[in-house]
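Next come two complexes, and both contain chain A; in the first it sits with chain B, in the second with chain C.
Our next item is the complex of A and B:
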């Protein structure tokens, strides 16, 4: 007991915290562990270390194809949701207009709507419009789910942006567009990059909407889903999953660092008098 | 004190033609039912250091922002250098502004900040650099061009903001409470520097401030504003010595108010009977509006002087010291005068021992009847 106490100085609260974190992350950690195991079935005890499942990945044309599709969808969705996010975040942080709060709420709503409902509704609308399912329709769906994330990141970039900076630019003779290009944009660039990275990551991992809205072309999560039917393919899927996990983690970390930098840049303005 | 009599503005500038640079005609700015500025009329001269002075919410910043083009009059018009400014956006006005927050672009260094507005002018290669250097020299920042915006002290940021505006060679430089973020010592130093700079460049400066000492120390003329209205426009001396009403008098510093009965009113003079000070003959303020037989007279605390020992004065009042407050170089005395409803505040320098006058003792106070000025309520 005293040994545990020393290890966890907070007592039971620390035990709770450790269990909490374990519950969140231990399942995820099985993925990389089994992806380097020589046995084809994910079972303990581990039989040996190997990279062979990873080496097999580039030799699978369907996988490369799916990766390429995911890249296209991810890039398109992240650029679109960031552009729309910039417009909305700027309007909401900068202007006071009737309905500002409800509009903000509506834009953020897809964050909590059941994704499967959103996917089915979108499918209905798209079919009604007579569009055929393709990567394009997946992009539309992904823009919808990415915008709330873009908004969150961009709002914190735009918030606290000292309005007099833009006025100073106008005062010095710069046009509205010039002011946006020379002052506003450079100041929120980190937030914009952060928004691009976050939405790309969301799109890369998103399954349900892609599953409903794609035609014959699979994205990575759909490819993985398809592979799960074959037990022999499981280690490959685990290896691929591990790579996606690592990529997501790296992208989101960079995004968060940039978001904080953007927030600091715009908000520190007032605090530098000393 | 005849040398203290009020002279028209412009006494410190070379003799020349006085030309209006900014003309504000019947300008009102309303937000719904609230009038931030109410029928303002003002003419600011070329090369003048002009201050808009008043408490927060008096409309001074609104007026400044309308001159800059960040806000527009609801009714009325503003002209700069003879050009009506209606519909002309901020980026095409011959004015530049020093913002209260300084608004230094945090992603640019000092040089880039100062050269920001020049970039659009498409100057020749060397010219832009030369003008930036010149502006930095004007505000004593030579050599700091490469310094990042976030590495500057408050005073340096203020200078960068100043250089960035001056480098544009505006017809009017607008300053929105530029010294309020600085500590007292730096503020006083910058007051002197700003005044010196204005005289060197000869540009019309319009300063917004709520600090009466700042306005008094720097300006050629001051407009005192309350509740969206301009109460008085005059030189610092006149504003301080001859405030048009109690509000202006109070805002500019301590003032003792004395009620009087008007005995005679003719042309430019007033004769009043007061309880503590007897019969007073005083100059009638230009904006004086008679309201019955009563009138208010005011005298500044420093215009009352303690008479020592057997010293006498033709004009004196006698009273009792009821309070004494020590302020280092000066002492404030509160003196009760029989007949006056409120005791008088007296400010005495401490070189004769005013800080040792016992509370409760009798004192005689000398005054100059000219220092007792009539004003509206």
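Our next item is the complex of A and C:
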């Protein structure tokens, strides 16, 4: 009993915590389980192990096309949202200026707005302006929803960053840009890479905005959405979903490690020079 | 702010030849944030204003008639179909947000008070499922709750039930279960942050003064974490009211929500002004509901102390 207590501090609460984490993970884990099951419908008992659903994936041209589109959209959206995020996070953490809080609130707003509202309002403007829907308009929408996530990652990377380092650099004659490039940037690189990975993942998985703002070109989630109508296609979708799951997991694990390293670096360096 | 500004002022003065405007903190900060701010202004604020404008117009086939009218709002609020969808969306988002917060609080509490040096790992564990595709998570619930799904076939295999339970999928409850699962991380994080800020010495003091663990929790910890509970509630309530994927995949006929009707107006039905009015109405009503929830929680937190 005392051994159990040491293993799980907090008594019943820890039992609840374990159950809750199971509730979070079990539904997601059904995807990989049924993606290697021979039966075409996902149900128990499992009928046998197979890779055939995976083997069918590379032979689907529409899927490869959608994957390519997702890659382009994801890369563009993550780079743009990280650039916008760097500027804003830097302004928020380093400077005090009038309107700082409301501007920050507006930039973070897409996080709490229903995505459908964001999607249809952009759609209306684009149609009104007579622009045609394309992957470019999807990128515009994705940048908007990715910026809050980039901001969150980047502000936590920029905070705790010791100002005296920058002041020292300025005192030694470095220009503002030179200081940023040679002092600030190396310290925050992990946070920037982390922001790129997080926003790429968001864009890769985002459905609603892409659904409304794309023309004829499909991204991966739109391709999956189309496949969901056919029951026979489900195992293939499960296999594709599993691959996406693994990709997201790897990208986010790297992002998390980098974010922590960034936090540690700025804090320990700050402590050293404080 | 003042300390830093005062600190750099003499430095600026000692370096002649620099433009004072560029030296000013405010100007530099504003200049830096302007591109991002403009982006949000042009791609979020402006479009929302366009939606609001459309909600007062009418559409004849492909042309928009820009005469002011409240007809769209009359339809949105009085037509039984839209009224029912709106009520159901509000009901689902209210139940979902309350259930998510109630289920999330103990986890946030556990991580904050018993997480020890593994807090970071716990938080990472909890956020990982949330980062995976929303579409795929909803789909996995469809797989679980379906007529021939995992739950039914599993229960039948164990001999607990004889025939599949049809009540599992295609109703409001399946939508709520899916949403509670999907939004868990969003509720845990703000509550955790506010619990981390609770001054542990206050809890000690309450205990020293004779409060039991439950009493000190109810009178100190819970009221002090109210800000986290409020943000968790809002961050779940407002987006879920406009959820499109979940009702479409697991809601069936009885789980359709307002977003599905909005989408139809921009798609098949092609009545943009009505779609705009439905969107604006939804936002206003959910904001009112969120405001009421905030007031109730603040009140309760004050009474508890």
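As a convention for this text, the second predicted complex is superposed on the first by the 256 of 274 C-alpha atoms of A that agree within 3 Å, B and C clash if a C-alpha of one lies under 4 Å from a C-alpha of the other, contacts with A are read in each partner's own complex, and residues count from 1 in each chain.
Simple rule for what comes next: contacts are C-beta pairs under 8 Å (C-beta built on N, C-alpha and C of every residue); 3 or more make two chains touch, one makes a residue touch a chain.
None of the values given here were measured: they were computed from a predicted structure.
Of the two partner chains placed by superposition, chain B and chain C are both touched by A:171.
Contacts of A:180 after superposition: neither chain B nor chain C is touched.
Which of chain B and chain C touches more residues of chain A: that partner is C. Once chain A of one complex is fitted onto chain A of the other, the partner contacts of A:136 are absent, as it touches neither chain B nor chain C. When the shared chain is aligned, no partner comes close enough to touch A:54: not chain B, not chain C.
Of the two partner chains, chain C is the only one that A:109 touches; chain B does not reach it. Judged by the touch definition given at the top, the superposed model places A:245 against chain C, while chain B stays out of reach. Once chain A of one complex is fitted onto chain A of the other, the partner contacts of A:162 are limited to chain B, with no touch recorded for chain C.
Residue contacts after overlaying the shared chain place A:45 against chain C, while chain B stays out of touching range. Taken together, the two complexes place residues 167, 170-171 of chain A in contact with chain B and also with chain C.
Considering their complex, residues 9-10, 13-14, 16-17, 20-21, 23-25, 27-28, 30-31, 34, 41-45, 84-85, 87-88, 90-92, 94-100, 103, 106-107, 109-118, 120-125, 128, 140-141, 143-144, 147, 163, 167, 170-171, 176, 201, 204-205, 207-208, 212, 221, 224-225, 228, 234, 237-238, 241, 244-245, 248-249, 252, 256, 260 of chain A touch chain C.
Residue ranges of chain A in contact with chain B, taken from their complex: 162, 164-165, 167-175, 178, 182-183, 186-187, 265-266, 268-270, 272-274. Looking at the complex, you find that chain B touches chain A at residues 68-70, 89-92, 95-97, 99-101, 103, 105-107, 116-117, 120-121, 150, 152-154, 157, 164-165, 168, 181. Against chain A, in their complex, chain C makes its touches with residues 1, 4-5, 7-8, 11, 22, 25-30, 32-33, 35-37, 39-41, 43-48, 50-51, 54, 103, 106-107, 109-111, 113-114, 116, 120, 122, 124-126, 128-129, 131-137, 139-141, 143-144, 148-150, 152-154, 157, 181, 184, 234-235, 238-245, 249, 259, 262-263, 266, 272, 275-276, 279, 282-283.
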